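Encoded as structure tokens, the structure appears first; notes follow it.
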Amino acid sequence: MAIKTPQQYIESLKDGRVVFCNGERVKDVTSHPILKICRDWMAMDYVLENDPRYRDLITEKNEEGERVSFALMPQRTREDLRRLREIVKLWARVCLGKPPGAKFVAKDGLNAVTVVSQRIDKEYGTNYAKNVEAYRKYLQKNDLSFAMGLTDVKGDRSLRPSQQKPHQDYYVRIVEERKDGIIVRGAKTHISQAPLCNELLIAPCRAMKEDDRAYALSFAVPANSKGITLISAEPEVKEPDLFDHPIAGSVFINDSTIIFEDVFVPNERIFLKGEWDFAGQVAYMFANFHRLSAETYKAMELELFTGAAALMAEYNGVEKAPHVREKLTWLVMFTEAVEIIGRSACEYCVKEPDSDLVYPNPMYANICKFYFADNWHQATKYIQDIAGGITVTCPSSKDYLNPETHALLDKYLGGKEGIPTEHRIRMAKLIRDLTSSYEDVLTIHAEGSLEAQKLSIFALADFNRYKAAAKRAARIQDGTRDKVYSELPEFPPKDL
Amino acid sequence: MAIKTPQQYIESLKDGRVVFCNGERVKDVTSHPILKICRDWMAMDYVLENDPRYRDLITEKNEEGERVSFALMPQRTREDLRRLREIVKLWARVCLGKPPGAKFVAKDGLNAVTVVSQRIDKEYGTNYAKNVEAYRKYLQKNDLSFAMGLTDVKGDRSLRPSQQKPHQDYYVRIVEERKDGIIVRGAKTHISQAPLCNELLIAPCRAMKEDDRAYALSFAVPANSKGITLISAEPEVKEPDLFDHPIAGSVFINDSTIIFEDVFVPNERIFLKGEWDFAGQVAYMFANFHRLSAETYKAMELELFTGAAALMAEYNGVEKAPHVREKLTWLVMFTEAVEIIGRSACEYCVKEPDSDLVYPNPMYANICKFYFADNWHQATKYIQDIAGGITVTCPSSKDYLNPETHALLDKYLGGKEGIPTEHRIRMAKLIRDLTSSYEDVLTIHAEGSLEAQKLSIFALADFNRYKAAAKRAARIQDGTRDKVYSELPEFPPKDL
Amino acid sequence: MAIKTPQQYIESLKDGRVVFCNGERVKDVTSHPILKICRDWMAMDYVLENDPRYRDLITEKNEEGERVSFALMPQRTREDLRRLREIVKLWARVCLGKPPGAKFVAKDGLNAVTVVSQRIDKEYGTNYAKNVEAYRKYLQKNDLSFAMGLTDVKGDRSLRPSQQKPHQDYYVRIVEERKDGIIVRGAKTHISQAPLCNELLIAPCRAMKEDDRAYALSFAVPANSKGITLISAEPEVKEPDLFDHPIAGSVFINDSTIIFEDVFVPNERIFLKGEWDFAGQVAYMFANFHRLSAETYKAMELELFTGAAALMAEYNGVEKAPHVREKLTWLVMFTEAVEIIGRSACEYCVKEPDSDLVYPNPMYANICKFYFADNWHQATKYIQDIAGGITVTCPSSKDYLNPETHALLDKYLGGKEGIPTEHRIRMAKLIRDLTSSYEDVLTIHAEGSLEAQKLSIFALADFNRYKAAAKRAARIQDGTRDKVYSELPEFPPKDL
Amino acid sequence: MAIKTPQQYIESLKDGRVVFCNGERVKDVTSHPILKICRDWMAMDYVLENDPRYRDLITEKNEEGERVSFALMPQRTREDLRRLREIVKLWARVCLGKPPGAKFVAKDGLNAVTVVSQRIDKEYGTNYAKNVEAYRKYLQKNDLSFAMGLTDVKGDRSLRPSQQKPHQDYYVRIVEERKDGIIVRGAKTHISQAPLCNELLIAPCRAMKEDDRAYALSFAVPANSKGITLISAEPEVKEPDLFDHPIAGSVFINDSTIIFEDVFVPNERIFLKGEWDFAGQVAYMFANFHRLSAETYKAMELELFTGAAALMAEYNGVEKAPHVREKLTWLVMFTEAVEIIGRSACEYCVKEPDSDLVYPNPMYANICKFYFADNWHQATKYIQDIAGGITVTCPSSKDYLNPETHALLDKYLGGKEGIPTEHRIRMAKLIRDLTSSYEDVLTIHAEGSLEAQKLSIFALADFNRYKAAAKRAARIQDGTRDKVYSELPEFPPKDL
């Protein structure tokens, strides 16, 4: 089958999984009023795969000649990355800035274990790479949605996994080894879309030491495996209303907590088991691959954001005020700079040594992430400043639609002549959604925190070149050499 | 009676007022599940008035020897302002950073019309001051809550009231003059607490020209007057839950839209009627008096905000990370600077000419407002950075309280050893509330936008003194003189 | 001859030109102690042209098969721009961040008049293009250095050229038309390197109206033409000391004021004369071409800057302090982002309609310029913070070299063990130079002010696309269509 | 005598002291062309003391009834601090933002040793307090200028004094103890005005451990003591020109390096000797007292700064451009906020326990310092943006004054009609001086670096109060109590 229809995807979720949301056990995730928002968003992955206009972009024939999701294939060239970027842009534009997560995150985890499993096999003579490859084929063949379970619940952030107290399950670990597999316990959190995915791919979120051996663990299991409890994040909305909540009513990322209470994982689904010296590499490689995502979709989200600011300025009649133009200009610059830097990360991509996989330039990708996350709150301030108090004091759309009050609100909440009042209200509601604390936190924490970017950038920096430039300028010769600066002609020139 | 009990206040609201919320006509504002949040918050004004510990601070004997709310008396000295500041601080600390609005906003409008009515009477021989004074006595005697209706719905912001299209009611105006009063039409918006107030005090929000004569209008009416419709802002929460929404579940400011459909105002409640050249003064004087409010309560809110950041750092075990300390330090500085500048505004208060009223130094108060509003989003970024993704991915408290999932969440969402998981969850929820788009917009738009502060500061600046300093340094003599700089000794000294 | 030697360049400047510097008429610009700094810097253009390692990069055969400076040839392809970028990077790296100006600025003016002259000829049947082409050949053949005289002295910035008072010469203008040419009067300012150039290329710096016809004027003249007075900027240094002033002692950009007192310009050197409607285009096209420059060299300057910060941190023994690492990380990000965005501007270059010339993407180039100029002072703060007070309190190198004090300073101004004291002092001096007010002002004003970039970015922004994204998200249909957003599938999907 | 005349002060400096500047031994510091700038600036202290208009402010009768400098008396009340603040403001306004340093810095060191010596005496039975008191009397009686030698040269900043390599003299230390005194060796750096002071007061710049005992050392010596070499910072200017360098030509702070080569200090001038556990207290107390200085004078400097920006905007004809008004507004805010916070630090001053001395509120003073230092580069950017390129491309005033070029420059460098060209040039020169790297570094490093302020603010913060506020809001009860928050009434209220 390979490419599923949206309906097939939805059917596949009726599998007895244990999901909680808002304090209640969810009987059927496909019909729950709020999880349905996530379901429909996820389904767009399948809608687009089946849309003849996008099929050639989004799907590709695999080695077996079967047409599968391109996202489930490894990226081996700059052209592959460019194509993946186009796919992510399409996903994002269709879904209001947020790519549907059926494969969006976990594909990068799959690439990460692809690279690392080969290394472990080489070092320790294990057989993980075969497992990964079989799992990839399985995903392709069944066009499965899968979530990436990376972040452990962590307990005390200043302690390593094995140092935690009062219990030792703050990071997912092996509690028992059996002949045919392992029993795992622990919890992952912030796991986007997990309740609406078929599979869960689990990997360590940090480097480990020998004591943490039991936590050096990567595997995959179906979301309905015995012992797994999925608890949804508190939803942003109580009902899927597209008027009052145009974003939150149609995109529910549903960052869940996944709890593993002694779950069995068969040997063929294990990709790392105890090789603690490789644990950090999985997290690191995941980050390398995953950097394409936010560095791509965020520019699409910002198109929407900047457009909302421009429209609200117009609807309010203030689009010519100098301070408004100044803020719109800043938003344009922000939007385009994210696009430029994110694209450059793909165009100057990096080939992972001992592997045929490529990923975005990590220096550029980290700069892109840091840049948009660091400036996001400034953008928020600007759009809120332009839009005015109406974004939070506007009555509910139910009041606007209520015949008793419709005429009054339609008359009085009007803006510039000629703009329907409804448009102004809709734009106010959109801006409230775009500037929620959810959006803030997603922007700064998803794909690694601001501090994580700083650490990466510092580690990746070519300080030797910079220092060589400064020494040459200060006329310091200390015996160090640099391939760019040491060969340059003397300046000022002698004897003219 | 003068001082009401909370119960008397609540009873007084059952008066047939026309209120809508979430698309429905509210039968009784005192028992509606969401408006009740606002009711209880407002009631704290009366709770505190009746608390023996605070009575001497909050209430005062008026000229008749009757004990009345100090907020309903005019402030005439620096000491009065300091006392008012203490009252606002108490209100704010008790109510999680937000002073209950029973008299908090409109008292400043009352002072504004007190000052301006005397001037109009002097200029035009009218009798408004008497009306204002009678109204003040009436408020005192009945300890009434009242809302300040300042901001008109405005339509196209680039046009004056009389230029609006397609209708002329974007600013509240007189549509008919009668012997005993006037008929008014139009709408005010962002009117905090209006559905839970006894009275509405209405005033123009901008300067006007002669064409706008019908819009130069200030008056007071009971909230249940015939023809008035109050429509609540869309509430932030659907139910008053103090766990998931510790702020939004206990403070609902309820910024409403008030619609006047041909409402009658008796002559004795009119404070400005057509004297268009004084319209701007009311708005300006309101701002002068009202600047004490946010410049006072915001520092209290920031205590809470900074405390939440410090606690979450501790609960997560990251309180010693250098970047966390850096951010906490910034938050402390922000908090204390707002307190310092706001307090200085009171201590260097200004006496309004031709009046015995004082208000905070307008330069300082504007700087304070701009400073905290301009830096708010930075503060938000910092607390979200410290707190982590849990602020938005945390399950609902209903899941935490659900016996089926309680033990799991209690085990896995723990942080630093010794901190109860519930505390960490509560803090995460608090931080989400503190960083909502509602808080953002309230901070930058309430008490005037960032642009309004800039205009005021520019207008109030003592450029002559600054320029004199620069000319002296540049050795420019152009005939201008300045009392500070022109008398200083020569520098460098001659003939040493 | 085509490619000159540095010696030939220097000889060519002994031509009787009228130059003033520091209050004195300069007899010979090639031997003046300060102008010599500029001379040697300019000469590097010729040194590099004659260096066999760089010849193929820097020079190219023209249509006549003569090897000429590539900078004097028009750029027609993306590859040409990439090559020009490589040349500018080389120039900049060799000369401590500042490309020598022999052709660096005016080449872009030459391209601008190339494009615009063709349009004027087409519109008015004039013959300017031929003049431009002949001038280009002349420059190539003689490998001439030339300065770009763009910015007029301007007088009152709020008035157009013809509105100025008390005189009409604030913008260069025609004061007399003769059969064989014109007489021009006025002054240009901030003209980099003019006293050390062979030729001056003059063009309008702004759009004009019909009244300004006499100011719509572009032409070229030798720098020693009768009536031209060149007055150097006050030099940053009094002597070319490479120890105390490693940058200012080896790079003197020498932004001069050029005064034209009734200078004769022959007809064949006139490129625009009175066609006021084309005046703005020359300035605009110059900017388009010239944007490659700072967008390229600034990243090279920042390499040096960031390297100096990293070295000083090391020399002071503070390279591991968290706040120092944080600041170095920011500097790395700043450096690399300027490189990324500047490079993207070349790679997404634009072909000028009705022409075969290309220039960097103007949106990207403006973003690059704004980004580095807007953040420059932050970078300055960081390096000064890391380096400490020594950058400005360090004794003169003359004290360090004075045998009476050498041993004392060598002992006491040491830093980290193993780092020679001289290196630490040299780095302190370099940082002082890098953070001078000259560098600040150059960064924000050269290649257009921050406000100019904002205007360009606003004008170039694709607001329609942004707005389409926002309308789709807010579910607003107002009849407008967008090629990206209007064709996307419906979201959320119907009927699943 | 007590109050000296300026002439007496100057005479007192002809004492054989060993001073170097610009690579040469200075024969007479009072007639050296550059040191003379410092001399005249310092002399203003005496000019003002002798000016009848200021005598009552600046001088006071001491216990002996002798009129002495108020700066040499200990401050014991809030009123004393307010008066000291007025003196500093006068000093600063007279001397273009920079108080002359005759007693400006070291007075705070004197207060520091006054406090700490009493404590050491109490702890160890020493007799330092008597020495301090005698020294204070001596300074008063002779109206001496004195410099504060605090900052050691430090070597590797990551090591303590006794850990330094390759030598042990990076911090001033005792190398020999004699019966009548001690022999000291080492060097202090960034010591403002030292070459033009009578006396040097030396104290440790950091906390120490037992190993550092030899470095725990405070004493006073005349500047001409045998073995002392004073080396001036490289001067900003080569000649005292008030046109091209209106600030640097009249204020030369002259931050010097003082080298002690085995200098004898008599017992009666020793204030700390080996009591290593008190070393940090001297530095800390100095900071406490000294915080009044920059927190006062910086607002005066900013008056001048903001005035220069406003004038240049006017002279250029851009004072009405929205972006210029925006920047001026920011500068006004910056200026006034520094004044407000600095003044509050005095008004909420702190009494040092076990002492009768007061100093500014350290939290507020640190906030003030951090605020102005952290925003300084932003201010610099704004003024440079407003002023334009002319600040650095303007010819020398010598060209302006040269009859050959005067008329040309006078004609062409004009700005707005009616403003003399000379005024515009003078303002450009002033702005260049105000934005030099010297000013930048002085602003961020004098009175402690940005990082030092952050550490202090964190240490001083009342986190308990903040946390109590947050816990109350989050409904967390963990047994902790707070005097402000724990007694507040319940909210929301029960049972209404």
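Order as written gives the chain letters A, B, C and D; numbering starts at 1 within each chain.
The rule is short, and it goes like this: contacts are C-beta pairs under 8 Å (C-beta built on N, C-alpha and C of every residue); 3 or more make two chains touch, one makes a residue touch a chain.
Everything numeric here is computed off the predicted structure, so don't read it as measured data.
Interface comparison, A-D versus C-D: the higher count of C-beta contacts falls to C-D. At the interface between chain A and chain C, over half of the residue numbers appear on both sides, which makes the contact a same-residue one. Centre-to-centre separation of chain C and chain D, using mean CA positions: 39 Å.
Separating the CA-averaged centres of chain A and chain D is a span of 50 Å.
Along chain D, residues 323, 326 each make contact with two or more other chains. Interface of chain C with chain A (complex): residues 6-7, 10, 37, 39-41, 43-44, 47-48, 51, 93-97, 242-243, 246-247, 250, 300, 303-308, 310-311, 325-326, 328-329, 332-333, 335-337, 340-341, 343-344, 347, 363-364, 367, 370-371, 420, 422-423, 426-427, 429-430, 454, 457-458, 461, 463, 465-476, 478, 484-485, 488-489, 491-493, 496.
Every residue of chain B that touches chain C in the complex is listed here, in rising order: 322-323, 326.
On the side of chain C, the complex with chain D involves touching residues 20-25, 151, 153, 155-159, 164-167, 169-170, 186-187, 189-190, 229, 231-235, 238, 244, 255-257, 259, 261, 316-318, 320-321, 323, 376-378, 380-381, 384-385, 388-399, 401-402, 404-405, 408-409, 411-417, 432, 435-438, 440-442, 444-446, 449-451.
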